[in-house]
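For reference, chains read A, B and C in written order, and residue numbers begin at 1 within each chain.
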Amino acid sequence: MSSIASPTLDGGAAATADAPHLAVRDARLALGGRPVLRGIDLTLARGEVVALLGASGCGKTTLLRSIAGLQQLDEGSIAMGGRFVQSLPPQRRDIGMVFQHYALFPNLSVRENIRFGPLARGEDAAQADARADELLALIDLQAMADRLPQALSGGQRQRVALARALATRPMLLLMDEPFSALDEHFRLPLRRQFRQLQRELGQSCVIVTHDREEAFEVADRVAVMFDGVIAQCASPRELRRAPVNRRVADFLGMFNRLDARTLEGTWRRESGHWIAPVEALMLAGDSPDTHGAPALRFPATLRANYPGQQRVACEFEGPNGQTLTLWRRHEDAELAAGSTVELTIAEPAMRWIED
Amino acid sequence: MSAAQKPPVFSAFALAALLIAVLVPMAALLLYGLSGRWDRHWWPEAPTLRWFGEAVRDPRVQGAVLRTTALALASATLALICGALATIPAAIAAQLDPHPKAAALRRALDLIALLPFAIAPVVIAISALELFVGRWGGWLPLPLVYVAVVAPTLFPLIHKTLQSALAQLNAAALIEAGRTLGASDALTIRRVLLPMLAPALLAAFLLAWVTAAMEFAIANLLLGGQLELLQPLMNSLRNANGHQAAALMVLAFAGVGAVVAGVAALTRRWTAVDQPR
Amino acid sequence: MALNAGSAWRCAWPLLLLTGVALVLPFGWRAATIFGDCIGHGDGCAIGELTADGYYLEAAWNTLWLSALSALIGLLIGLGAAIALLRLPRMERPVTLLASLGANFSGVPLAVALLLLFGAQGVVTVSLQSMGLPPWIDLQGLGGLLLAYVCFQAPLAALLLIAPARMLDASLQDAAATLGAGPALYWRRVGLPLLLPSLVEVFGLLFANAAAAFATPFALSGTAAHVLAVRIASLVSGDIFAQPELSALLALILFAMLAAVLGLTRWLAARLRKGIA
């Protein structure tokens, strides 16, 4: 992590090379009487990608728009590269933004859309043209340069929106659910292409998404948001290893969870829950020798089998009614619904988290 | 759209009634203008183009047409400028700015668009006659008064036309995109929004022009004997020579029809030039 | 200059000024003088003349029921036509064009056409006479006026109802069919209730359109036409001695009628919309 130089006042001295590209402190905002942002702290280093992940209504889009300057904060500060920007209009912040439905200018060609930013910021026509050519090559759309947005497919428009936002070489790129408007078929390749591009350019980026898979693949750190606060901001690996509380664990959807108060023996606790990655749940008969390490064993009743594309998800009802998911391969013998079996989780896979 | 079934009986009948109500009077007028006489049988006699020719060549008609066109043009221009300046920013600001003042402006404009329906043209004409011509007629030129009085009555048309075009535009998102790119709102409006609204502005202007040209109450009562406009002229001609008057009316409506058809073509263009989905 | 509520209000000033000076000022002035007369010295007020002789009250009543009835009939025809067009998409463009023309085809040309057909020397009247039948309609009377009003109300209604009718998603009727409901039941329980707010609003506009109409009654019967709009004008610029105060009073009554109907229908439509949404 870079050392944080103290932010100078708005319009002050140039940013130091070490200053974080984004530093949000205690951002608060209420809309229509309802508090939407309730004290957000977020920092972003150069070249880092942070994903804002959460359900609808958690405030992630509002936070993004506040960083962009399209929304004013009630309290708190936003600093970019060491400069306070929270009272500056979007035009004076060094940002680029990709909107959910792209907001391409319908009456301007692809090239003119991309040139719009540089021209607006005072570059001369020749420079703007050169920059546009550069970006058209980057997104591989030279052939469509003089077409209007209506003539393009969804994926092509998305790339143009990206190129337009990058044309001004912004310090910070902001993206509002950039892949959600695309057909599922294109989402995966496009987001991997984007991640590649981002790494090459070293572009700092904040992405809003509700898709967990997308957040994990694209981001260096994921900020999980609920009700206007960031519950946890950590790398995908860290989130997988140690979600900070029950709500985050449930939202990520990759764990089986057991209430610690309902278990017996060494597993019992006064509060909190035990979680384990889904793949750690096994049939007692299948599990390898545990070398004496204590494993959790309990009976469970199978509710139903859900054969997916990659594997079969078996939904079990545990001893206290909680839902547990077991993954089996398609070639494994199918279990009968309603049957009761013994399940086990190895001790190393278990982790205790608070409520 | 589900498969085109036959329309229910009632609506088919209504459609027929509509077509009759519109076409029969127009057809009658056309026949009258084309016939030498139509007072002996239920069919017209002596087809001739003479009335049309006379109507076109009559200097009184030409004068009235010229005056009407010019005054209607001025009214439409005034109405378009004031109306567009009011409607367009108001609609966009209502989407962009959560401030209650924005919603209040929209409500105020909707009210102003309703006023010409509540204050009838007769009333407007008489009141304006009393005030601007009677009391202050000394230093207020009559054509100016006419233009200024007709213009507000055209606002509802302009307001409605522009609002429906703006609704399809998603202008707020475009302005925000412009802001994040470093452009002032004025630049985005100039380079993106106005070009996109151009067909709608033209359509609104043409409709306003035609509506102003066909105006009767204010033209008759306010301008009285001083300036003769098209509709009052048609009214006085009908007593002198019905056929010629009919020919003139048909010509006038052919003009109106051409403009309306042109506007319809324009409207189709701007609904077809879609937004990126 | 950023686009927000404040700047939008500033841009609206030309329109507000124009409307204030050209529309509100003359009418307000007139209304104020009337109130001044009535409140100041009771006998100088024209109310006495109004109530003494039922003549003017009759004109007001005529305006009221003619406007309401023509609006209703126009609404029915327009609604039926709009629904029919849903099923006949290829006819929509030509019919819309014709309807725009028809809605503009009011006043002198319409009067001349109708007189041509149904007037005392009209083609249809004379033909009926030669067959020994009485004339179909007395064009100079209120029946004739009603017919004329319907001729331009119906197309206007059709134009205004095409968009709301289109909002009746075709899939709704399909869904009703799969549930076993015939067209009649669908219209009664789903279609008409959904359309009702638009119907109410359009009725208000049609009413205002007819009540304010000056050209058509004037062109049909001259100053003898017994509706408020013509009375108001003839009291000021008529052949007999002018009675400006009475004219102003009648203008106020017309305004009150229009404002009441417009306000009521819009409020009702809004309530109905909220009930649905």
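Rule of thumb we're sticking to: a residue touches a chain if its C-beta (ideal position, glycine included) is under 8 Å from a C-beta of that chain, and two chains touch if they have at least 3 such contacts.
Just so we're clear, the structure is a prediction, and the values are computed from it rather than from any experiment.
The minimum number of touch steps linking subunit A to subunit C comes to 2.
Chain centres defined as mean CA positions place B nearest to the mean of all protein CA atoms.
Chains joined by the most contact pairs: B-C. Here the CA centre of subunit A is 58 Å from the CA centre of subunit C.
We define each chain's centre as the mean of its Cα atoms; on that basis subunit A and subunit B are separated by 53 Å. Computed from the mean C-alpha positions, the centre of subunit B lies at a distance of 17 Å from the centre of subunit C.
Of all residues in subunit A, those touching 2 or more other chains are 89, listed in ascending order. Within subunit B, residues 184 each touch two or more of the remaining chains.
Within subunit C, contacts with two or more other chains are made by residues 2.
Contact residues on subunit A toward subunit B in their complex (touch as defined above): 31-32, 68-70, 89-91, 95-97, 99, 101-108, 116-117, 120-121, 149-150, 152, 154, 157, 164-165, 168, 174. Those residues of subunit B whose C-beta lies close enough to touch subunit C in the complex are 1-2, 4-8, 10-15, 17-19, 21-26, 28-29, 32, 38-39, 41-42, 78, 81-83, 85-86, 89-90, 92-93, 96-97, 99, 101-102, 105, 108-109, 112, 114-132, 148-149, 151-153, 155, 175, 184-186, 189, 210-211, 214, 216-217, 220-221, 224, 231, 234-235, 238, 242, 245-246, 249, 252-253, 256-257, 260-261, 264. Taken in their complex, subunit C has these residues touching subunit B: 1-9, 11-12, 14-16, 18-19, 21-27, 29-30, 76-81, 83-89, 93, 95-102, 104-105, 107-110, 112-114, 116-117, 121, 123-124, 126-127, 150-151, 154-155, 158, 170-171, 173-174, 183, 205, 208-209, 211-212, 214-215, 218-219, 229-230, 232-233, 236-237, 244, 247, 251, 254-255, 258-259, 262, 266.
Only residues 98, 170, 173-174, 176-184, 187, 191-192, 195-196, 273-277 of subunit B touch subunit A when the two sit together in their complex.
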